Every structure is written in structure tokens, then in C-alpha cells.
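The two complexes that follow have chain A in common; it is paired with chain B in the first and with chain C in the second.
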Partner chain A sequence: MNKYLLSKKLIINELSTFYSFLIGLSIGITIGSIILLTQGQNPIEVFSLMLKLSIGSVKSISSSLNKATPLILAGLGISIINSVKLWNIGAEGQIFMGGIALNFIYISSEISNPNLMIIFLLSSSFIGGAVCILFPAIAKVLFGVNEIITTLLFNYIVIGLTVYLVNGPWKDPGSLNFPAAAYVSKEVYLPTVFGRLSYGFVICILCTLGVHYLKEKSVFGYELRIAGGSALTAIYAGINAKQKAFVAMLIGGGLAGLAGGVELLSQTHRVSTGLSQGFGYTAIIVAAITGMRPFGIFLVGSLFGALTIGGSVIQTMGVSSYISDVIQATTLFGALIAQFFFTYKIIRVSEDV
Partner chain B sequence: MFDIQLMGLLNATLQAATLLFIAALGELITEKSGILNLGVEGMISIGAVTGFMTAINTGNIFLSVLVGILSASIFSSLHAFVTVILKQDQTVSGLILTILGLSLSALMGKKYVGKKLPVKIESVFNIDEPKNIIEVFLNQNYIFYLSIFLMIFTAYLLKKTMFGRRLEAVGEDSKAADSMGLNVNKTQFIATCVGGGFSGLAGVYLTLSYVPYWTDNMTSGRGWIALALVIFGGWKPYRTAIGALLFGFLEALVPRLQTYGFELSPYLVKITPYAITIIILIGLTIYKGGRTGAPSNIGIPFFRESR
Partner chain C sequence: MNHIILEAKNITKSFGSIHALKNVDFYLYESKIHGLLGENGAGKSSLMNILSGIYQPEVGSIHINGNKVKKLNPDFASKLGIGMVHQEFRLINNFSIQDNLTLSKANIYTDNFKEGYEKYSDIFSLSADPSTPISELSVGEKQKIEIMKLIFNNNKIMLLDEPTAVLTPQETNQLKISLKKLSNEDNKTIVLITHKLKEIQEFTESIFVLKDGVMVAKDLETKNVTKNDLITLMMGEIKQSDISKDNKKGTEKLIVENIYFENMHSNVPTLNNISLKIRSGEILGLAGVSGNGQVELANIISGIERQYTGQVIVNGKNISNQGVKVRKNLNLSYIPENRLGVGLAPGVSIIDNSAVKDYFKSKFGPHLSTNKMLDYLNLLITQFSIKAPDPKAEVSTLSGGNMQKLLMGRELISNPEVIIAAQPTRGLDINAVEALHDLIVKQRNNGSAIMLISEDLDELFKLSDRIIVLYEGQIVKEFAIEEADIENVGLAMAGLNE
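So, the complex of A and B:
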């Protein structure tokens, strides 16, 4: 009888994550096609329409990149938190909290210079996101409470708070049936670079470079990796692992909050339950699929932004927009399966010996 | 009058608790083997939608329950395949199982939104207005009694049977279990699929009894509360049941607070169960001083070095 054993490969191809992603994407598209076929649609027709509407023109490319912006920002935040081996499932709530904090500051302050005001508002959205993760971070660092559950439960709390605000204190009488807060003034809209592309994407590029530097090149990033490794190593190295974890969580939450702020100032222009359409959850896929690499998050986030735009426009064809969620999720599953073959080799041993 | 309200509250508590408890019990079995499955929310959705679709098309309750359980179990085998056989990260795989389950069930159930069920899981003894606690208990449906049986059965299974001891051995120290000749992969794979089946049952209970219709994302975080319940119960079936009753009580009480004369915003009231869950989790972790009763090997893939 033969038995199969696994052995970790000593040398793992540096581009294995990238190849795994490509394999995963083809699996995702295949499964998406099968689902489309079962719904009586022609996959080639649907996908070519999706391509055309997401990257076919300057206008559609800029919409895709705008859509990618919150995914990338929240994904970067998740990757920072993951460098101390912690998970942030609460990006969705932090995005909303960023929007809420921004609107709160917008209502209660007066700055005559619009540019200064934009910077001030975006900073407040960053702080809002950080405040949103503060409680789970304290619970984790002081008492060791599982951060996956607490950050996730905070999503429901913050979204509940949003619903309360837009139906109650912040309700704009002008928006008739759809509960939403009042629009912010045009002066504080984020300007566009060209076409529809918002300056939010520029912020996104800067943050990608910043997070790459922070994680890979800075002393702080090195300390984060040690803190996320063995507890003993951190003690020998004189690193306060808990303090590093705490700071990493606040920065990560803040980036997700900033995603909400940018989305508000560039796209929705007001607080409503439509501020985030599951960006926080998609950002987890984006971050995980790239092995938490900032540049990877930037590329995959852009692609998923295009996929989301494509997914939302094919709704007019009677295809559910959930199809793009399914493609994204199966892409990650496919990538996980492919990753196995890059990291392990299967050895066959004979047991009869 | 007050009595009827109180009995209504008790009834709603038991119904909410049943759903949470079944899902939590399944996750408990999975986690005992050292596999963390964060996909509970997705598995409940899959069970809920497939059970609902079967009920609409066939009108056969028994078949619907069976289909719900089996499809969620098959769906969870994806997690088992990726984490047990391919040794990939359990957190990532579980999260994606949730996202995939929610979106896949929304796709499948698209044509069923707003449809009326021809059949519903009936209560065993039909009592119009339960007047005392006993009548409330008798007024529950079959799945409620099944969940009590499952609780006793699981507690027995874990403590007294070979399967339970094997599960615990694998979850506590998979390397030692392996050298004792246990098949770690097989045990973990089975435990994950059994957990998926339980979630499927919870899903069927959701769409065929608790709220008898189908909409997208109707699980609304209950899968995550089930995950918290496992921690709350310290990986023990009876304690998990107490936790489920407590959370069920909160879910039932909150919408009733206003009828009792409390002036509260309904939107803010909705978030209290989630907030209380977090506070209880923190209190519990402090109280136990880090000794939560979690299986030592949870989340760590078992990997046998080649010899």
C-alpha cells in the first residue's frame, strides 16, 4: 500500500503568490461562467460587457479606480494589523465610522479655507476609524479577547449607529424616502485628477507607498514582525509586543476609516447606509489573496474595483451583482488551493517495506 | 395580560436560542478537533436557502431539512479540503466561506425572495395561547426537541465515546494523536462536515420556522454570535446551551422593551445584543484569566513531516 506524505518545499518561488492569484482568478471566472450558464446567460457576452464597462474607456477606468480606492485603503489597514498576526474583520464598520466622524466634524466646525477643511475632515475620518477599533484593541491587548469576534461584532454596532443617525438626528428632510444625512457642501468635494478619477486615488497611491515603507523598510515594521512572531523573541529584543500590536491596530483601523472619509468626499457626498457596499469584507479577500503585500493589494484592489463596477452594471441585464462576490471568493479559494502546490510537495512512500 | 406577554417572551427566547445553539454546537464539534471554521454565517445561509427552495418546490418538510443539512455539510467540506488536506490558513478560508455562502445563497434564492411557504415546521402540540411554562415548552417544534437531544448526545459523544476521545486527542495535540495511530486528517475532516451539517440545520430552522421567508443576508450576524457562544460556553455543550438561552433572551427582549414602556430608539435597541455580546466576552475572558478551555491545537494545521 502506498501512503502519501507532505513535505514543505525548501525554496518557494518568489512569484508563487502571483501565480496562485492567476490560477485562482481563472478558477473564479470558470465558476462564475458556470453560474451564468445555469441562469441562462452567455458568459462570454456578460464578461465582455463587464470588461467594456469597467476598463473600456477613460471614464469607466476612472470609475473602477474610484471603486478600488476604499478596497485598497481598507486592505492596507488589514495588512498592517496582520503583520502582528492579528485579524481585522471590522473594516466595514470602520469605514462607516470614518464617514460618521467626518460628518460630525463637518457639522460642528467652520474653516473658511476648503483645502484645509478637506485635510481636516480626512484626518477626522482616520481618527474615527481608529476609535472604532480602539475597544477591540484594548480588549485584545489587556485581556486577550479574541479580536476576530469583537471587530466583527463592531460592524453591526456601527452600522446600527449609522441607521440611527440617518433616521434620527442627522436625517435630511430633503431626502424623501431614502434615509440619509444632508450632503456636504460642494466646496469640500475631493477634486478630480482627470475624467472622473478622484484625488482619493492619489491618496491611495501615497498610502500604498507609505504602508510599503512602514512594513518593509522602517524600524517600526521590523518591530511589528518581531512582535507578531514569538513572544520570547520580542522580550529578548526588548520590544513591547502588546504596545506594537495596539499601535498597529489603531493605524489599520484608521486607514479603513480614511477609506470611508475618501468615499464620502469623493463619491457619496453624504452619510447613508450606502456609504460602503461591503468594501470592508472584500478588502479582507484582497489583503489575504496577496499575502498582505502592499503593492499586491494595490493591484488586486484595482482589479476587484473593476470587477465590482462590472458586476454592478450587468445588473441591468438581469444578472445578480452577487456574481462578482462569488467570483472574488472563489478566486481566493482557488488561490489557496494553488498556493498549496507551491509550498508543499507530495511524497509517495511505500508502506510494505 | 402580563402573563401572556411573559409567555410570549419565553417562547421567543426559546426560538432564538434554538437557532443559535444548534449552530454553536456544530462549531463546538469542529473546534474540538482543532479546526476553526469562521464560515458559520455562510453555512447557515446555504442551509437556509436550500431548505427553503426544497420546501417551496416539494412541500416536503422532512426532505427540506435533509437537503438543508446535507448541502451545508457539503459546502463546509470546501473548508475541510482547504484547511485539513491542503493545510491553508483557517482564518482566511473560514472568512471566505462566509462571503461565498452569503453571496451564493443570495444568487440561488433570488427567485424565491418574497415567496410564501406552502408548509412550515409545525409545533408538536398546537397550543393557541400558552399560559404557563410547560405549555410554552410543549408548543415548540421538532427541531427544538432535536436540539435538546443533540445537546445530550454531543455531551455524551465527547466524553464517553471513542469518537469523542479521538476528537479531543486530535484537537489537543495532533502530533501525539498521530503517533498513537489516529488518522488526524480524517477526524478533522469529519468534524468539520458535521459542524457544517449542524449549521445547515440551524439555517433550515431559520427559514422554515423562525422567520418563514427568504431574503438576502437574513442570517444577520447570528453565525458570528454562535462563534462567540462557543467561547462563552468554554467548549462545553451544556454551558453553550446556557449561553444560547441568554443570547436568545436578549434577542427576544430587545424588540419588546418598548411595549414594556421603555422610551428607546428602535435603531439603537437593535445594536444592544451585539454590544452585550462583546461585554460578556470581555468579562468572561477576564474572569477566566486566559484559561478559556480552548483546544490547544485550534487554528494550527497538522503537518506530518516526512520520515
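So, the complex of A and C:
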């Protein structure tokens, strides 16, 4: 009798993550096409329009990259936490918390130097995100509470807090009863580089480089990898695994908070429940597809930003914008399956000895 | 003469290329207590797992009351009356005693539980009320419930795997009385698996000895065998060492004084009054059955465990309260017993694992340079002839021997002052063992002070200059290598001192 077993491949192609992404993307586009066909649309037409409207001009490219910015920043935060094999599902809440912290500092201080103020405000959004993950981090290192559950639940708490603030104390009287806080002053808007591209994207590039350095080149990143591989090896090597995990979680939460701050200062300009459109969740997809590699997150995040922009503009053709969500989700699904086959092989063992 | 209730004939079982059992015969007489003796890894647990239906033997047959049993699985074995108490308890902690005892569908005391519980709690001198949750019982009481569970499931053949490992001497004594009652008054057939000589002599009527998967003695009458006979059977002959012992010894590099250590979960000290000295160029062998404090002592010396009293002095520096990194900077190397999981991090690349000892040192640059790490790994690979096809692959893709070479290479390449090596060759094939022994001897000749912790007496006799024996957290004996012989070391390991 024969049995089939999964066995990890000894040598895994270095580019396998990239190939699996391509495979996933083609699966996503195929499924998207099928759905479009059932709707009586011509997929080629729809996709070429999406392409044109998302990367066809300087204006559209900059919109796409602005859309990508929070995805990339939150994705980087998820990636650094995953160095210790922990999952941050709370980026969505941390994005909101970043915005809330920013607005809190904004309304309680005077603007003397706008540029300094922007830096100050963005730092406070970073700290806001870190505070948002503080409780899950403490619960994790002190009591071993599963961080997936706690970070996820914190999303609901923070979104509840946002709803309370924008309907209560922070409600803008001039908003025509729309639940939102007042706009921040134009002085602290993030300036643009060219077209509509905000300086937030520059921050995003710097953070990508920084996280790459931290994860791959620094002693801290090395310690995270060892601690993620085996807590006992970390203790044996003299690494305080819990402390490292704690710091990594705060940095990761902070990056998601920064995503919220950048989004507020460059796009929404105020706190409302629309500050994040599920960026924190899409960022998980982005990070997972790329195997948590910072440069990969940068590229896939940019692509997903373009997809979202493309998706929102094809609504004018009578096609639902959800087509881009479908493509994103099936890309992840396909990429994970492809990654599985790059990592494992199925071997046949005969049972008789 | 009691009749044979269970017989296993010609059992062979292997795991991969390792033969756990080779043509083993084993038989049990009804209502007798049998001892199954053997060192760790001799195949005792494999044999028991076969009898209780967990493993299937490749060759051989099992007969109950003379009838051949076709294919055994745990359920079927239990129906035939074979039950096993594993080393780790399998009780549900927040269920009551009664619920745990009556959980199985095989249970025969559903309606008359009270009666049965009274009878057997009397035999076990257990005073707890059956509604008490398991979590409130002591270890000894839990052990009794485990054994009672077999009785309540109508298991007439009871296989007990190291039942005394967790018991105090008083509890052990009580267990002995209870087991004797069970066999005499209740017709239970009992197998006691152990490596403790004292217990096997006190508890049993008939002894079987396993060594390296072979049954080297069958059905010895307990009252007619001596401890020395059993030790020779269990441990075999020691090969003559072919390694020169006229190495020059220098200054004392490692001094350990009056170590006392208590584990959080137990009230008896894990280590008590441990003092030892190792000179440069000297190998001190630490003999002992595992679980007698070896791991804890190694962890204390290497700075992992810091909640103890006593002194650790390396190269003249008192580092008792210092952590791992201070010791690394004094060039102390520790090769832990658990190579994958402690010494090496599974799921992390070979290249990352190669830097675990020195990653924070300047040789890798202020920013960990991948190229420098790769150079270092290649140095290890050539110097210690490690077969590692892809440095970026996970370390768990290496074979056991290559993993150990990577670990030892990483720890030895810096020519350490002090080396703690725990079970460095366990589970490896003979060529790897030879290569690793050569490494240790070479390091000795280079002037390292080496502490070799091993359960393999061949290895200890071959490499050590002195042997000390650890038993229940204490140094019970010390031998110069020329005075040591298998009998007196073995007796000391079993806790028997004249």
C-alpha cells in the first residue's frame, strides 16, 4: 500500500515568493475576468481601462501611490512583528489610533512652525499606534495571551472610540451633521512632491529602507529571527526574547499608526470613520503575499494601491468596484497555494517494509 | 506455577534505519510483578507501546492466553485487558477523580463505583474523596489514580512506565505495597519498567533486561540475581579506550562551588552542594541517568539559569550572577543536550544558526553583514566537514550528524577556555560519533577544560580523565579514570553506594 506524505523541500528557490505572487495574480485576474464575463463585460476592456486610469498619467500614478502609502506602512508594521512569528491583525485599529492621537495633539497645541508641527504630529501618530498595541504586547509577553485575538479585538475598541469621538466631543459643528471631526488647518497638510503625490510616499520609501535594514541587517533583526525560531535557542544565546518581541510589536503598531497619520495629513484631513478603508486588513494580505519582505511589500502595496484606484474608477462603466477586492483576495489565495507547492513536495512512501 | 498470560514472540521494530527492537521475546505470568530493566534508549518504551497496541511491530506475534492476536490497536489491547500508565499523566485535570476513573467506555464500575472505589482506595491508601478534582491531588496521588484507571477499565495486565520517576521515597514504598497487594489479592499482572535497580529488586519477582534493542536476559528470578549481575547485563562490557590519557593538565579553568538549586515545581532540591573543578586540558565526565540534575547544572554554568546559590568561576573570574553574554565573552562554550530546539533554532536558516554564539561581536561588522556571516559559515563548513547544500535553507534540513557538527563547530572554533558538552553524540551514527569524539579530544589537547555530560558509559570511559557521578542532584562518587570500572560507576548511577 502506498501513502502520500508532505515533505519540506531541501532547497527552496529564492525567487519562489515572487513566482507565487505572479501565479496568484494571474489566478486573481482569471477569476476576475470570469466574473466580469458573467456580468456581460469584456474583461480586456475593463482591465485596460483600469490600467489607464490607475497608471496611465502622472495624476493617476500619484493617486495610486497615495493609496498605496497606508497599505505599505501598515504592511511593514505587520512584517516586523512577524519576524518573531507573531501576527498583528490590529493594523486597522492602529491606523485609527494614529489618526486619533494626531488629532488629539493637533487640537491641544499651537502651530508656530508648520514643518516642525507636521513632524511632531506624525510622531504622535506613531506613538498612538504603539499605544494601541501596548496592551496586546503586554498580555503576550507577561501571560502568553494569543496576540491574534487581542490585536483583532482592539480594532473594535478603537473603531468604537472613533465613532464616539466623531459623534461626541470632536464632532465638527460645520460638518452638516456628518459624523466627523473638524478638518486640520491647511498649514499642516503634507505637501506634494509632484502631481498629487504626497510626501507621505517619501516617508513610505524611507520606512521601507529602514524596516529592511532593521529586519535583515541589524543585530536587533537577527535577535528577532532567532527568538521567532525558538524561544529556547534565544535564551541559550543570551537574547531576551520577550523584550525583543515587545519592542518589535511597539514598532510595528507604531508604523501602522504612522500610516493613519500620513493618511490624515495627506488625504482625509480629518478624523472620521472613513479614515481607513480597510487598509489595515489589506495590509495583512500584502504582507502575507510577499513573505513579509519589505521590498516586496513596497511593490505589492503599490500594485494594490493601483488596483484600488482602478477599481473605484471603473464604477463609471457600471462595473462594481468590488472587482478589485476580488482580485486582491484571490491573488493572496493563489499566491499562498503556489508558495505551498514551492515549499513542499508530495512524496509517495510505500508502507511495506 | 502461574500460567503465561501474555507472550510476545520475536518482535522486531525499527524507526527509519534505527532498530529499536531486534527479535525480542517477552512473556508475563499471570498475577506476577515483572521488571523490565534497561538504560534509556534500550527499547523499553517501544516494547510497551507494541504491547499496548500503539506501535505495530514489523516482525513477530503477540499471544494472549495462548491465542495469537491478529492486529493490535490501543482499543483492542484494552479490550484484551492490557493497559498502560505512561510517564506523563493522561488525566483530565479539572474533572473529578470519579469522572476520570469512569470516563472510558470500557469502565466496569459505572453502577457500583462506590464499592470499587472503596476497595481500591484502600489498597492504594488513598484518602481523597472521589469528587475531588484531579488538579488538587499531589503527584503521588495522581499516579495512584492513573493505575486505578486501568483497574476500572478491567485491564488485568498493567504496564507501568517508570511509575516511580516522580515519586518521593515514601510514596515509592507505598506504591510497592499497593502493587504487591494487587498482584497477590487481585490477580493483576504487572510490568514495572525502570532503570532503577533498587526498585526492580524490591518490587518484582521476575526480571527481563533489554540492551540496545536486544533482550539480553529473560525471566531471571529476582531473588537469585545480584545488583552487579544486573548492571553488567544492562550496560554490557566497556570497550578499551584507544585515546591517550597522558594529556598535560594546566590551571583550573572552571570552578563550581556549593551549587544549590531548587526547581520551582518541586520541593526537593534539583542540585545540592555541587562543587567541582576542571583544569585546562582535562575532560571531566559527568555520569548519571538523565534527570538527576545534569541539564540544570549545565544551564547554571552557562548562565541560562540564574536562580541558584553558589559560585561559578571561569578562568579566575567569579561570574556567578552574570548572564550568558558575559560567559560567551570569557569564551565559555555550551553544547546543549537538545541540539535542535535549544542549540539550533528550527525554522531559521543555517547561516543564521551559525552565528548564534558570536552574532553580537564586531567580527560581523556593526551591521550584520551577510557576506561576513557567509564567510564564517564556509569556514565552519570546511573546518568541520559539514555537508550543507544551501546556507539559506532551514537548519532542520541538515542530517542529525551535520547539525551536531554545525553546533559543535560553532561552539569550538574559537578554541574555548571552558566547554560544557551535553550528550554530544546521542542518536548519531558511528562515523559521526567518531568525528565528534576526535573534535573533543583535539580541543582537550588545545587546553580547554571540558565537562562531558553523557549517559553513554562507553563515551565517558573513552574520553574522560575523571568521572563523577550525579545522582538525585548530588555528586555521589568521583573516580580517576584508571580506578573507574563499569560496576562501581553503574552502582553509583543507580544510587547504590556501599
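By our rule, the second predicted complex is superposed on the first by the 338 of 353 C-alpha atoms of A that agree within 3 Å, B and C clash if a C-alpha of one lies under 4 Å from a C-alpha of the other, contacts with A are read in each partner's own complex, and residues count from 1 in each chain.
The working rule: contacts are C-beta pairs under 8 Å (C-beta built on N, C-alpha and C of every residue); 3 or more make two chains touch, one makes a residue touch a chain.
None of the values given here were measured: they were computed from a predicted structure.
With chain A as the common reference, the superposed partners chain B and chain C fit together side by side. Contact with neither chain B nor chain C is seen for A:176 once the two complexes are overlaid on the shared chain.
Using the contact criterion defined above for the overlaid structures, shared-chain residue A:219 touches chain C, although it does not reach chain B. Using the contact criterion defined above for the overlaid structures, shared-chain residue A:229 touches chain C, although it does not reach chain B. After overlaying the two complexes on the shared chain, residue contacts for A:161 are found with chain B alone; chain C is out of touch. Of the two partners chain B and chain C, more residues of chain A are touched by B. In this overlay, which is a superposition and not a single complex, chain B and chain C have their closest Cα atoms 7 Å apart.
Within chain A, the residues touched by chain B in the first complex and by chain C in the second are 8.
On chain A, the positions that touch chain C within their shared complex are 8, 10-12, 14, 213, 216-219, 221-223, 225-226, 228-230, 232-238, 353. Those residues of chain C that touch chain A in the shared complex are 14, 58, 302-304, 323-325, 328, 334, 336, 338, 341-348, 352, 355-357, 359-360, 367-370, 389-390, 392-394, 396-397.
Every residue of chain A that touches chain B in the complex is listed here, in rising order: 5-8, 35, 87, 89, 135-136, 139, 143-146, 148-150, 152-154, 156-157, 160-161, 163-164, 167-168, 281, 284-285, 288, 320, 322-323, 325-326, 328-330, 332-333, 336-337, 339-340, 344, 347, 349. On the side of chain B, the complex with chain A involves touching residues 38, 78, 82, 86-89, 91-93, 95-96, 99-100, 102-104, 106-107, 110, 216, 220-221, 224-225, 227-228, 231, 265, 267-268, 270-271, 274-275, 277-278, 281-282, 285-286, 290, 303-307.
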